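First chain A sits with chain B, and in the next complex the same chain sits with chain C.
And then the complex of A and B:
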């Protein structure tokens, strides 16, 4: 049944019609396979962090206290707000409002920049203290996990920028806006992953 | 006029996400620790993840196979992290 639906999806000229009929997720289906792959990788990372911590509880608890939770709060608020702005962008284009969609996406991108700046300041602080991947097991996980996510934020922003520029040039409409929903789905995945990363690395002890 | 039936729930969810985030941060700043606190914070995170999947990603409106991957991922990650924290005591 699932295979038949996949064939229907790929052979149909108007994918949105099929999506409404069969309740496919928003955006291009390919991005959802990509999202599942990304979630799998982050899931393995999170499990590896938690099980490694189980054998090094004192070390993890000690060095976790050195992290800046206020910066993590700002970054979490920035990503949630950015995701909400992307929701507004999708709503705007569904209403055939290309200009509104463009402006909401710009606002989302601005919050993405906030995230990158704050995270960059955190990295600068750690590196100025001589902390790196080989300092200890906790910092190895902290730096690799957060930098892996950091790169996903950058990729998400590139996607959102491309979508925003196309929206500005009138490339989307209420009838055809698969690209906006595709970019939005990826960005929400970046937000979703951070929702687990923030408490796991910064708070749980 | 933008679709209010779509935006209103998402706006409420946005403020709920902010509330859960600030609560998590507050617990972190108080230096609270222990299995119960950790699982409470993890529970907040899983709820936030499900809300993002349901409302921001729009999966609440999806039926069939694609309704479940995000939920299953959250359950899997939540279970593994819970188990790891339980054996760390």
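And then the complex of A and C:
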């Protein structure tokens, strides 16, 4: 539905005026197509997880206990915090504060690094126990889902880094900062996916 | 046409069209052999006809891509081609190697060809689509390297545009993944595993980048829409293509002895492969709707829009049809695959090469922007004949495939392969008739290069 609405919007004639008047959607419209496509991939993955779990509840419940929920909680906090920092970065550039924008983005990137390190330690733990994609269905989903998300964190960080570097060299202003909003939108998507992944894989029983 | 050296593309395009004709003729021979098994036996056995049909397709598309790159890259980079002589030399080497290989297939038994070309030294022959003698494969590598060098140096010395960089990325990927055709492990699972790195990662990976960049170039030229808008689309199409296409390789790993997680990975990621194709359709039509001017080359615009639609249908929809593991359990290796293959190759790659030829050829033959109205009208007739007949070929093969799956694999009393083949003969007849219509379209297409030569160019008013 969202995609159809977006296409309708994209093809309507006074799109540009509506966008300018309402300042919507934030960032470049094209990134929203990308975000929706990404959400669709994750959505299908989550649905596949849910259906498979429904048929193997005991197996999933048993191996879920082997996951480190504290580490995942730290990562949840890290990503939420990073999203907050990104919001501050957008607010800063709206005040024409390039330096502030750059610093907030750096802070967000730092939280991204925290996420990668914690997740990396979890992977290290699993791999040292000889767990891999063929161990059982639960681990197949756990490793696939989290690793696919892991790659998105990296991609999101690359985007934020590019935006941060441009902000530092004064490439954005209060009048023109679409790039910052574009990067922020993508990063929030990465965060959002984790917000679903964390309860679904680590917590829900 | 802004640069003299762009003209080398003409050689490549002429050869491409010539080989295209050969491909269709052998397709018709083989289509008849599905019905009359010993047609032309022993001169051209089915396996040889099939090899020639598929190899010619690949080779002519490669000629088409190279021609497109030689035309497009100098214009985008705003500089002459680095070494036009090298492009010409490589053309003749590639053509000679290609012709010799096809003649080898036709004139001597395949095993003899393997002996003659000393396949024993580095065995790479005998695998579907990669049947070329090792020496031909080495030739392809040399041609590809010289080509990449030529294109790369041109881009380096000129303007760097997104279109050029995406094209270069696609062409480099094409060359790199071809190297896996030299890796031929004894373990048959490993063999198939890496075989797909050539076959799948070409057509569902790097070739899509080539398609995207050529389409972007034609749209920039014919619609006058801002380059920035088109480039943004190109970025996300490339990203989605790579995200879905690379792991999507898994949809070939369901039943070949690879770990079971591939059934999940392959299903989920390849189910998303239609997305970039859908984006391409939406964006092509959008750009044409938002055009700032009417380009007099209406035929080229038709091919460009046609490729956007047909690629989505053939690669996207028909691919999705049998990509999920539980479905593919029944359909793999049936006529469903053939249906998908025909429409996907035509829609995504045949049409984009023809679009580029349609756009560039008039200028390389001395016209200002386009052919006469009569030539264009004939070309558009050929567009519709070929496109509609490929749709019918696809539908007939799909019908044949569904019946085949049911009778041979799904029903309570599965029948043997050959018995089922007899039962679906009607579909093969219909497919063959549609194939003849395709040939008619191709004849008209070639004829369109020779009609209305002395008439004035079509103008925008006339083209409306």
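Just so it is clear, the second predicted complex is superposed on the first by the 184 of 205 C-alpha atoms of A that agree within 3 Å, B and C clash if a C-alpha of one lies under 4 Å from a C-alpha of the other, contacts with A are read in each partner's own complex, and residues count from 1 in each chain.
By definition in this document, a contact is a pair of C-beta atoms (placed from the backbone, for glycine too) under 8 Å apart; a residue touches a chain by one contact, two chains touch by 3 or more.
The shown structure was predicted, so the numbers you read here are calculated from the model rather than taken from an experiment.
*Asks:* Which one hits more chain A residues, chain B or chain C?
*Replies:* Chain A has more residues touched by B than by the other partner.
*Asks:* Using the superposition on chain A described above, determine whether A:176 touches chain B (first), chain C (second), both, or neither.
*Replies:* A:176 sits against neither chain B nor chain C.
*Asks:* Report for A:41: first if it touches chain B alone, second if chain C alone, otherwise both or neither.
*Replies:* Second partner only.
*Asks:* Between chain B and chain C, whom does A:30 touch in the aligned arrangement: first, second, both, or neither?
*Replies:* So A:30 only meets chain C here.
*Asks:* For A:53, is the partner it touches chain B (first), chain C (second), both, or none of the two (neither)?
*Replies:* Once the two structures are laid over each other on A, A:53 reaches chain B alone.
*Asks:* Classify the contacts of A:62 with the two partner chains as first (chain B alone), second (chain C alone), both, or neither.
*Replies:* neither
*Asks:* Is A:72 contacted by the first partner chain B, the second partner chain C, both or neither?
*Replies:* A:72 contacts chain B only, not chain C.
*Asks:* Looking at the overlay, does A:140 come into contact with chain B only (first), chain C only (second), both, or neither?
*Replies:* Touch partner of A:140: chain C, not chain B.
*Asks:* On chain A, what residues does chain B touch that chain C touches as well?
*Replies:* The overlap between the chain B and chain C interfaces on chain A comprises residues 40.
*Asks:* So in the complex, the part of chain A that touches chain C is made up of which residues?
*Replies:* Contacts found on chain A: 7, 10-11, 28, 30-31, 33-34, 37-38, 40-41, 44-45, 48, 133-134, 140-141, 144.
*Asks:* In the complex, go through chain A and note every residue touching chain B.
*Replies:* Checking each residue of chain A against chain B gives 2, 22-26, 32, 36, 39-40, 43, 46-47, 50-51, 53-55, 57, 61, 65, 69-70, 72-73, 76-77, 80-81, 83-84, 86-88, 91-92, 94-95, 97, 100, 181, 185, 188-189, 191-192, 195-196, 198-200, 202-205.
*Asks:* Please output the residues of chain B touching chain A within their complex, sorted ascending.
*Replies:* 1-3, 6-7, 10-11, 14, 17-18, 21-22, 24-25, 27-29, 31, 33, 37-38, 41-42, 44-46, 48-49, 52-53, 55-59, 61-67, 69-70, 73, 76-77, 80-81, 84-85, 87-88
*Asks:* Considering only the defined contacts, which chain C positions touch chain A in the complex?
*Replies:* The contact residues of chain C facing chain A are 232-233, 235-236, 239-240, 243-244, 259-261, 264-265, 267-269, 271-272, 275, 279, 282, 286, 289.
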